[in-house]
Structure formats: structure tokens, C-alpha cells
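Multiple structures are listed underneath, in C-alpha cells.
Next come two complexes built around chain A: one with chain B, the other with chain C.
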Partner chain A sequence: MNVRAHMSMLFHLDKCIGCHTCSVACKNLWTDRKGAEYMWWNNVETRPGSGYPTQWENQEHFQGGWEFKDGKLRLRLHSRAAGLLKLFFNPALPSLEDYYEPFTYRYQDLFNAPAGDDQPTAIPISMITGEPMEIKSGPNWDDDLGGSNIYARNDPNLEDVPAEVRAQLDELERVVFNYLPRICNHCLNPACVAACPSGAIYKRQEDGIVLVNENRCRAWRMCVAACPYKKVYYNWSTGKSEKCILCFPRLETGQAPACAHSCVGRIRYMGVLLYDADRLPEAAMVPDEQLVDAQRDAILDPFDPEVIAAAKANGLGDDWIRAAQLSPVYQFVKVWKLALPLHPEYRTLAMMFYIPPLSPVVSVIEDGLFRLDLSDANHDFELFHRLSAARLPVQYLANLFTAGNQEIIRQTLVKMLAVRLYMRRKTVDGEVDEKLIKLLAEAGTTPQEAEAIYQLTTQPTLEERFVLPPYHREMAVEAWKDPLAHKGEAGLGYLQVPRRGE
Partner chain B sequence: MVVVILAAPVYLVKATSLQQASSEGQAIFAQKCQACHTIGGGRLVGPDLQGVTQRRDLAWLKGFIAAPDQVLASGDPIATQLLAEYNNVPMPNLALSPAEVDALIAYLENPTAGGAANVPPAAAPVGAGDPARGQALFSGQVRLQNGGVSCIACHSAAGLPALGGGALGPDLTQVVQRYGGEAGTASVLASLPFPTMQGFFATRPLTPQEQADLLAYFVWAGAQPAPQPTTTPVTWFWAVGVGGALALFAGMALFWPRQRRSISEQLRSRG
Partner chain C sequence: MNWNNLLFVIFPYIALAVCVIGSVYRSIYRPFTISSLSSQLLERRKLYWGSISLHYGILIILLGHLLALLLPRSLMWWNAVPVRLYLLEFTGLALGIWALAGLVILVYRRLTSRRLWPVTTRMDWVVLILLLVSVITGVWTATFYRFGSYWFTAVFTPYLWSLITLQPRPEFVAPLPWVIQLHVFNFFILLLIFPFSRLVHIVTYPLGYLLRPWQIVVAVRGRITPQTQ
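And now, the complex of A and B:
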């Protein structure tokens, strides 16, 4: 057993209101620079929709992630030899149009326009060329299904959804959408790392954050193509690749990443997961429908004495093990089995997890009136027993989170519904009947667990949402520096020491 | 009397220093000049230096010995004429210090002072050389015994395979003719006095047998019919260049339509 720690984020999609505060916080902090204008290390997509870059899930086109064929795991992008041949021309790379051409407005025109009959306007200009441009798309162009349905209709996850269900999504009265915030998944089996010809990308051992060493990056951009989530970006100004760094400077000083910290709906949780690095190959090489379970199996129980001993043997301190035990991510992913990785079929073993969203019951139109597609009795329990009536098709969610395994999505949704019914009955009626207890058991949970899920979902404190282990940078510095000399610099040492006489 | 006594040591010191300079000069001559020059032994690669101090102006001589390349580059008439006279083989800059130049001139003024009256060409081991073995040595198929780098690294010559040798040094096909016959070439092979080569061969000299073999090979190479310099007409270059560019453009035009349109553009155009 090779126990390692991983900082993981969890997104409770049932709570996301799609306000883009996370994206703005991240933008302001990290990508408000020349060459990074088009980058959104954190973005929020409306689903069904095509996302950003447009149709990033279309791996026929973008060739991201891994392929499991004949018992072997291969990069979908290219083999080593083919990679060498395509070194200078990689057709799978997304173009700027696949993202969008970043724009701003010539605000000075509002003040400098000569007197005239018309209101002055600020015309859009490209942030790359500075020339006036016609805006054709943006990072959330199909936000809230706005404008046109071409983006939603071309969501790759809808491909194997039955035609009548797809048609239903198009009807105004039955339309449904949810939000999908995305950052780098800091995968356990990252395709970007595997594809980099310069060896510039690495996964930090201490917390699993995947980083680009910009000093070694040689702008081959294989990572951009190989990442199935299209979360590595190429900075056209510096000629280096950039990606989400999980705000490691914030983590190292005990703060949650900016996107999580600023989240208005408090949908994000942050915590340590312990995983068995030896078990990763088998976790990545199972048939599609077993991928979620295999990945859950690779995540270890931080209360197991064997795991603790192995973790300590690997140099993990007591405080990290304690953080892993208190981790909300561990609770949701492993104990309650409510959280799922995004697109496990890419086989990168993504380590950011999502709790799928619930959706209302489909409505039908009768005599010009809307009516929910419910039988008259037992409204509450209707959806519980008939998930096919949920507006968000189960197959669609399965394509997003379980590589098509509908059973796992069903179990998850049923459990969430059970918790909801249980807590509603408890708070509204003040009592819980036998029927409900039976229903909880049917959903594979207990009143105690339901209470705990409810607590962590709706009323967590900041400390419960973000369980950040201490990084001990003050101790790490001893490895290469005299701590007393370091103290004299108060942590603000020189990056480049000025040389006397220059 | 007093004057004589006082002056005597001065005279003695002067005499000794002259003699010393002369013998130093002899050593330098043996090491760096003898490959191409004799004193009273006749022309070799370069002129016989017997009485050179009388033939030439002293200042010119000093300057030429110190930096023959610069003198030649300055368009000096004597140097130009000498170059033409001696098969266009320029004298290399031997990187001598001013003191060494003085010592050499002291020696050249009176070569007999050291004892030896007449310096013949350097011992030329013109024995039975094997041209085939010489070629093997040249091309590196057989290693030089003292670890010297094979000639092919820097030189080319007739009889080598298609790609020839290096281009750092001159082509050695006609070397025997240029260096005034076998004796001259042999003496050059004995010491390889060129500064570029000295850097390597000073400590890794050719063995007498190797010298003989190489010489035999050069003699053989010199006897080969002179290779016809392949002159390609300029129009050919133009044709190949323009044709190649057109072919590339044609290839690009073929692949250009296959460039991918962005997906969002495809979606928009589909409506």
C-alpha cells in the first residue's frame, strides 16, 4: 500500500446558482494578464450546453484523455512515435475560435465622441489585436440556455439520450438546465503530464496538485490537446502553458482556493483524500461502468489503522491524517457515495468530485394548462420511484458523471431524494413515520446518516467545508535554508538577490 | 686597465646572451621552421633561409616571421610575390613571441654558431610507404598510433568515398605538388607545424611509418586525374528553388481545405 494525500474539491451541484462569482474571483487573481485573457481556469457552464471551449467533451475532435483498448491504456492524442511526427503540427489543438476571441470595449469613445444626434457607444475591440471586432462567442455564451438552442442541442452528453427525451428538452415548458462549475481536475492519471514532451508538468507528491514548470515548458502544447477537460491553456504572450494551480499559495497559508472561498452558494468543499497509488493502474483499467467504483476503491479509509500506519510510513504527519478523517470530501465521496468524478471514462482519475443535481418532475400540458406529470396520491414519493420523470434525464447525468452507468446515478439521486423527504417530513410534520424509515432503507441510508448529510449539505461552517491540513512551510524551509536566516526575511526574501555594484 | 677589467664582464655577458639567443633560435627553428625551410639545403615548401637576414630588411623579416598572415593580408609586395612563387602555400602564423622572433633572427644571422653548419631538410623517412595503408590512415579505418585524429576529420583528398572528408583544412589531393615535392611534404608530415594542427599533433606526432604511408598515399592521390569541378549553372539553382517552392505551395493548397473549422463556427453555420 502506497498511501498518498490529495487535496480535492467537491462541488454540490444541487446548490450551484450559476452566478460565476468563482470564475470572476479566479480571473481577478490569476488570469487578468496579457496572454491569459481568454483563459478561465475556473468556468461555469450551463448544462445541457456545449461548454467552454465549445464541445470540449467531443474527444473525436479534441483527442483528449486515455483510451483503454486491448488491455492497455493509451493516450488518445498520439503514441510516442506519432507524437514526434506531429511535434510541429498538432491538429487536435483547440483553436482560439474554439475558446473565444477575448474582447473588451473602447470605453474612451463614450467620452471622446464628437457632439451628434446619437448616443455614443463603446464598440467591442479584440483584446489580442486591439482592432474593432464582431463578438461571435464568449466563455459562457450559452449561459442559462440564452440566445439559441444550438449549443444545448449539441451537448455531446446527449448523444445516446433517447430522441423523445431530447425533443422534450427542447420544449419551452419542459426545458431544464443546471450548472457545471469546472476547474482543473488534478487527475491521478493526468493525460497532460503524460503528453508533455518536455517533462514540464508534474503532480506534487504532497497534495497531488498538477503544476506546469514554466521554466521547462517549451510550448509544444501537447498538454492542451491531451487534457480531456481542456483545462491547460497556452499563454500566447509568454509562450508557456498555464493551468489552475488549485490556489496552492492560498492552500499553503491555510486558505481555501479563491473560487471555493468566494462561492456564494457555498457549494464547494475542500478536503484531503488518502489514496493508494499502487492501486491506480487497476483503477484506470476497468470497463467503463466499473470506473467510478474502482476509483472509490483506490480512495482509502483514513480511520483504518493499517492505512494510518502506511500513511505514516510514507511521511504523512498526524495533522494530515486528522485532516483526512475530518474531510468533507471523504464523507461525500466514499462514506455516503454521493459525489462522482466528472467524465470518468476519460480515465484520468479526476480528483474533483460532483454531487449531481436534482431536478423537478416533467410537466405536461392539458387543456392549455401545465400539470406536473404526477399521480394524485403521494406526490412526495413520485419522483423517488420514478426517476424517469425527472426533467434531467438519468442517462444524461450518467454520461456526465459515471461513464454511462445509470445505476450509480440512480442510487445517488434516490439517496438525495430520501434525505430531502426525510428532513421535510421531520421539520414540517415534526415526526417520522415507518414508511419514511423504510424509504430511507430502500435508498440505502439511515436516519443518522440522513441527518449528517443534511447537516453537511445545508449548514456547514467554514471550517467544516474547508478542512485544510497545515502545509508546514515553516518547517519545509529548513530543507534548503537556515530557518533563523529565513526568519530574518520574514518570508519575504528576494526572488533574485540584487548584486552589489550593479 | 681599469676600463678593460670593468668592461670585460659586460662583453662576456653580451657574448653569452647572444650565443644563448642563437641556440634558443636553433631549437625553435628545429621545432617550427624546419618542416618547410632549410638553411643552405635548397628550397622545400618554403625558401632556403641561408643568408635571409642579408636578403631582407630586418624590420620586414621580424614582422613577417611574427605574423606572416597579417603581412600577406596587408598586400605586402614581397609577401605576395613569395606566395605566388611557392605554389600559393601561405606561411602559417606560428604564434611566436617577440623574444622568440629575436632568437630566431639571431640564429638565422649566424646559423653556424651553434655548431651545425648547414641544416638539411628535416629527416624525411621516405622509406617504403604503402599508399593503401596511407589511405586507411587518412580515412580513419586504421587509427593513428599516437592517438592523433584521423586526417579525414578536417581534410579531403582524392580516393575517399562519396562524401569526402572535412572542410576545415584544405583538400590534400595536390599537396605533394604544392609543397615542393616529396621532400617538402615529408618534412611537413614530420612536424605538422600549422597552429591548428599543432594543438593536437604537438603531443601526438605521426610515427615515421605513418608519415611514409601517408606520403605514399598523397603521391598516389596527386597522380590521379584532377577531379572535374562540378559547375552547376545558376539557372539550375533557380529552377530547383522556384520549382520546390511551387511544389510546397501546391502541397499546402491540397491540405489547406482540410484545416479544421472550429466547432462553434460549425454549430453556428448549421444554425
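And now, the complex of A and C:
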């Protein structure tokens, strides 16, 4: 057993209100720079929808992630030798049109326009050329357009959803969408690292954050193509690749990443997971339908004395083990089995987890009429036993979170529904009857667990949502420098301005 | 001191020294600036035709030059049969024209793609123009002063070796037509600007990729634990 710690984020999709505060917080902090205007290290997509960059999940086209064939794991993008021959032109690299041309408005015109009969307008200009442009798309172009037959239809996850289910999604009365916030998944088997010919990308052993060493990046831009989530971006100005850094400077000073910290819906949780590095990459080398379980198996129980001993042998301190025990991510992922990785079939072993969304309102059209005659309670029970009637098709969610395994999605949704029913009965009706207890058991849970899930879902404190271990950076600094001297030098600007090379 | 000495002895040494010292300095002290500065994100269609043609054309020709320098005998042996000589000459000329076409496309691309203007530096133009001079004089030589692969070993191999062994003998180059002299001198100019331009990307060719483990894990104090795979 080779125990390592990982900082993981968890997204409770049921709570996301699609406000994009997270994206803006990230943009203000990290990517409000020349060459990075088009980058959204954190973005929020409307699903079903085409995503950003457009149709990023279409790996036939973008060649991201790993392929498992004949017992071997291969990068879809290239073999080592083929990669070296494709440096001059990278056929799988998305072009700016797949993202969008970044734009702003010429606000000065509003102030400087000569007096006249018309209101002055601020025309859109390109942030690359500075010239007037026509805006054709943006990072969030299909926001809230679920059910649209232009955008939602383009969702690659709908491909194998049966035609009649798809047709339902287009019916006005059944239109449904949910939000999908995305950051880099800081994968355990990252394709970006494996694809970089210069070896400029690496994973930090202490917390699993995947970083680009821009001093070693030579702009071969293989990482951009190889990341199946399209979460490495190429800075067109500096000629270097960049990606989400999980706000490590904030984590190291005890603050949650800016996206999580600013989240209005409070959907995000941060915590430590312990995992067994000896099970890599084998955890990614199982058939599609077993991927979720294999990854869950690689995540270790922080209460198990053997795991604790092995963790200590690997240099993990008590404070980190304690943080792993208190981790809300561990609860949701491993104990309650409610959280899933995004697109496990890419086999990068994504380490950010999602709780799939319950469908909004349960009502179903029958014979063209809403069945408003059913009481709420019956609606709920009906759905519990007929998940196929959920407005978000189970298969669609399975394509997003379980590599097509509908059983896992069903178990997850049923458990969430059971918790919801149980708590509603308990708080609204003030009674818990036999039927309800049976229903909980059917969903594989108990009243105690249901209440714990409810508690952590709906009213966690800040400290319960973000359980951040101390990084002891002062000790790391000591290795090469007097920490006090270092303190005086940190954060006072560049030692070398990151200027574009000639 | 005559022109010949200045251009083909003094200047090459200066250029080489600047090239080596500059590149080493830059890779140690200014590593952030070293990049191929790809502009594929902004424009890809013309780059496809331009970059692939230029790179494959020029890289194979460069390797050919290197071969003639290091293994002149193998070249002479190959050229002993006329058919093989014609084949080699024709291939070389075709590659040269291919590289030239690529360069012309790249120049056209930088001129016409508006999005590239903000990322085009003066040095980018210097490099493209010097390469144009290089390739045009090269193709010119191959066309009008046949057969290069034949006389290269008699003229340039000894000249370049004389430079490398610090016993310069510029008299090999002195009697050559000016086009060929320009071709040689232009190469030294390229060496001179090498560390100050995007050309440094050539020496960062990541051969190590063939050998390193797929995954790279780095611990706080710089300990790298390769993950087997």
C-alpha cells in the first residue's frame, strides 16, 4: 500500500443555481491577463448542451483521454514516437473557434463621442486584434438553453439515448436542464501529464494538484489536445500552456479555492482523500461499467489502522490524516456513495466528484395532461419506483458520470430521493411511518444516515464544507531558506516578468 | 586581414560563440522565454501547409548537410553510381522547393491573417527572411551549380572541419560564386541570432519523451517519484 493524500472538490449539482460567480471569481484572480482572456479554468455549462469548448466530449474529434484495448492503456492522442513527429502541427488541437474569440467593448466611445442626435454605443472589439468584430459565440453561449434543438441536440452524451426519450427533451412542457460547473479534475492518471513531450506537467505528491511548469513548457501543446476535459489552455501571447492550479496558493494558506469559496449555491465541498498509488493505473484498466467501483476501491478508509500506519510511513502527518477523516468529500464519495467522477470512461481517474442532480419537478404528462390530481407525496413515491419517468433521462446522467452504467445512477438517485422523502415527511408531516423506513431500506440507507446526508447537504457550516489540512509551508521553505527572509520576499511581484520570448 | 577572413573565419567564430553562450544563458536564466511560440490556436489552415512543409523539408536537408559533414565517405560511396547521384540530387532539390513553398506560405500567413499581427515580433520577420535567403540560395545552388552533394565533400567538409578543429582555412570558400558564399554566410547569421529568436526551440526537441515514464509525480522537496506504467 502506497498511501498518498489528494485535495478533492465535490460539486453537489442539485444545489447549483448556474450563477457563474465561481467562473468570475476565478477569472478575476487568475486569467484576467493578455493571452488568457478566452480561458475559463472554471466554467459552468448548461446540460444538455454543447459545453465549452464546443462539444469537448466528442473524443473522436478531439482525441482526449486514454483508450483501454487488448489489456493495454494507451493515450488516444498519440504514441510517444508519433507524438514527436506531430510537434510541428498538432492536428487534434482545438482552434480558437472551438472556444470563442475573446471580446470587450469600446467603452471609451461612450465618453468621447461628439454631441449628436443619437446615443453613442460601445461596439464590440476583439481582445486579440483590438479591432471591431462581430460576436459569434461565447464561453457560455447556450446558457439556460436546455431543450433547444440547436444547442442541446449537440450534446454528445445524448448520442445513444433512445430517440423517443430524446424527443421528450424537446417537448416544451418537459424541457429540462441542469448546470455542470467544471474545473480541472486533477486526475490520478492525467492524460495531460502523459502527453507532454517536455515533461513540463507534473502532479504534486503531497496533495495531487496537477501543475504546468511554465519554465519547461515549450508550446508543443499536446496537453491541450490530450486532456479529455479540455482543461489545459494555450496562452497565445506568452506561448505557454496554463491550467487550473486548484488555487494552491490559497490552499497553502488555509483558504478554499476561490471558485469554492465564492460559490453562491454553496454546492462545493473540499477535503482530503487518501488513495493507494499502488493501484494505479490498474484502477483505470477495467471494463467501462466497473470504472466507478475500481476508483472507489483505490480510495482508502482513513479510519483503518493499516491505512493510517501506511500513511504515516509515507510521511503524512496526523493533521492530514485527521483532515481525511473529517473530509466531506470522503463521506459523499466513499461512505454514502453519492458522488461520481465526471466521464470515468476517459480513464484519467478524475478526482473531482459530482453528486448528480435530481430532476426538477416530478410531474409527468399523460395523454397530454399534467397529472395534477396526484398529491405531492404520491408523485414522489411514484418517481421513486419509476425513475425512468424522471425528466433528466437516467441514461443521460449515466453517460455523464458512470460511463453508461445506469445501475449506479439509479442507486444514487434513489438514495437521494429517499433522503428527500424521509426528511419531508419528518419535518412537514412530523411522522415517520413503516412505509418510509422500508423505503429507506430499499434505497440502501437508514434514518441516521439519511439525516447525516441531509445535514451535510443542506446546512453545513463553512468548516464542514471545507476541511483544509495545514500545509506547513514554513517547513518546506526551511529546506532552502530562512523562512523569515522568505516571508519578506514573497508576493512582491515578479523576479522575472513573464514576457513573450522572441 | 581580408574580407574572406572576416566573413568566413572571424564572423563564424563570433556567431558560434554567441550562439552557444547565448543559448546556454537563456536556458538557464530565462527558461520562461524558451518556446516554439506556436500560433496554431489563432490560425491553423495555412499553418498546416506552411509549418509541415517548412519543417520536414528543412529538417531532412539539415540532416543531409550533417551527414555530409560527419560521414563524407558514405556520401561519396553512394554518389559513385550516377543514378544514385541523380536520385539524391533530385530529392534534395525537391525538399528544398518544399521548404521554400512552406516558407512562402508562412510569410503570406503572417501578412494576411489579422489575428497573427499581435503575436508577430520583429524577430519573427528577421527569422523568416533569413530562412528565405537560406532556402532560396540553397535551391539556386542546387539548380545551377551541380552537383552539390558531389562537391560538398571536397569543399565544405574540409572547410567546416578546419573551423571545428581551430585551423581555419577560408581559402576553400574564397573561389566560390557569390550565391554559394551568401548561402554559407547566411547560415552564420542564423547562428548569431539563434539565441535571440524563437529558433532556440530547435535544441529543445524533447527526445527524452521516448524514455520517461508516462506519469510524473513531484514531492515538495523536489523528489521525483516516477509512477510505473
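Rule of thumb we're sticking to: the second predicted complex is superposed on the first by the 459 of 502 C-alpha atoms of A that agree within 3 Å, B and C clash if a C-alpha of one lies under 4 Å from a C-alpha of the other, contacts with A are read in each partner's own complex, and residues count from 1 in each chain.
The rule is short, and it goes like this: a residue touches a chain if its C-beta (ideal position, glycine included) is under 8 Å from a C-beta of that chain, and two chains touch if they have at least 3 such contacts.
Note that the structure is a prediction, hence the values are computed from the model and not measured.
Peer 1: Put chain B and chain C onto chain A via the superposition and say whether they clash or fit.
Peer 2: clash
Peer 1: Based on the superposed arrangement, let me know which partner A:A479 touches: chain B (first), chain C (second), both, or neither?
Peer 2: Only chain C; A:A479 stays clear of chain B.
Peer 1: Counting only touches as set out at the top, which of chain B and chain C does A:Q496 meet: first, second, both, neither?
Peer 2: Only chain C is touched by A:Q496; chain B is not.
Peer 1: Regarding the shared-chain residue A:L84, is it in contact with chain B (first), chain C (second), both, or neither?
Peer 2: second
Peer 1: Which one hits more chain A residues, chain B or chain C?
Peer 2: Partner touching more chain A residues in the overlay: C.
Peer 1: Counting only touches as set out at the top, which of chain B and chain C does A:S137 meet: first, second, both, neither?
Peer 2: It touches chain B, and chain C stays clear.
Peer 1: So in the superposed three-chain picture, is A:S95 touching just chain B, just chain C, both, or none of them (first/second/both/neither)?
Peer 2: Both partners, chain B and chain C.
Peer 1: Scan A:A277 for contacts with chain B and chain C and give back first, second, both or neither.
Peer 2: A:A277 contacts chain C only, not chain B.
Peer 1: Answer with first, second, both or neither: which of chain B and chain C does A:K72 touch in the superposed model?
Peer 2: neither
Peer 1: In the overlaid three-chain picture, which partner chain does A:T54 touch, first (chain B) or second (chain C), both, or neither?
Peer 2: Once the two structures are laid over each other on A, A:T54 reaches chain B alone.
Peer 1: Which residues of chain A are in contact with chain B in one complex and with chain C in the other?
Peer 2: Shared contact residues on chain A (touching chain B in one complex, chain C in the other): 94-95.
Peer 1: Quick check: in the complex, which residue numbers of chain A touch chain C?
Peer 2: 73, 80-81, 83-84, 87-90, 93-96, 126, 128-131, 189-190, 193-194, 197-199, 201-206, 214-221, 234, 236-240, 277, 280-281, 476, 479, 496, 498-502
Peer 1: Chain A touches which residues of chain B in the complex?
Peer 2: Checking each residue of chain B against chain A gives 260, 262-265, 267-268, 270-271.
Peer 1: Taking the complex as given, what residues does chain A use to touch chain B?
Peer 2: 50, 53-55, 58, 61, 91, 94-95, 97-98, 100, 136-137, 141, 150-151, 154
Peer 1: Considering only the defined contacts, which chain C positions touch chain A in the complex?
Peer 2: 30-42, 44, 47-48, 51-52, 54-56, 114-115, 117-119, 121, 123-124, 196-198, 200-201, 204-210, 212, 214-221, 223-225, 227, 229
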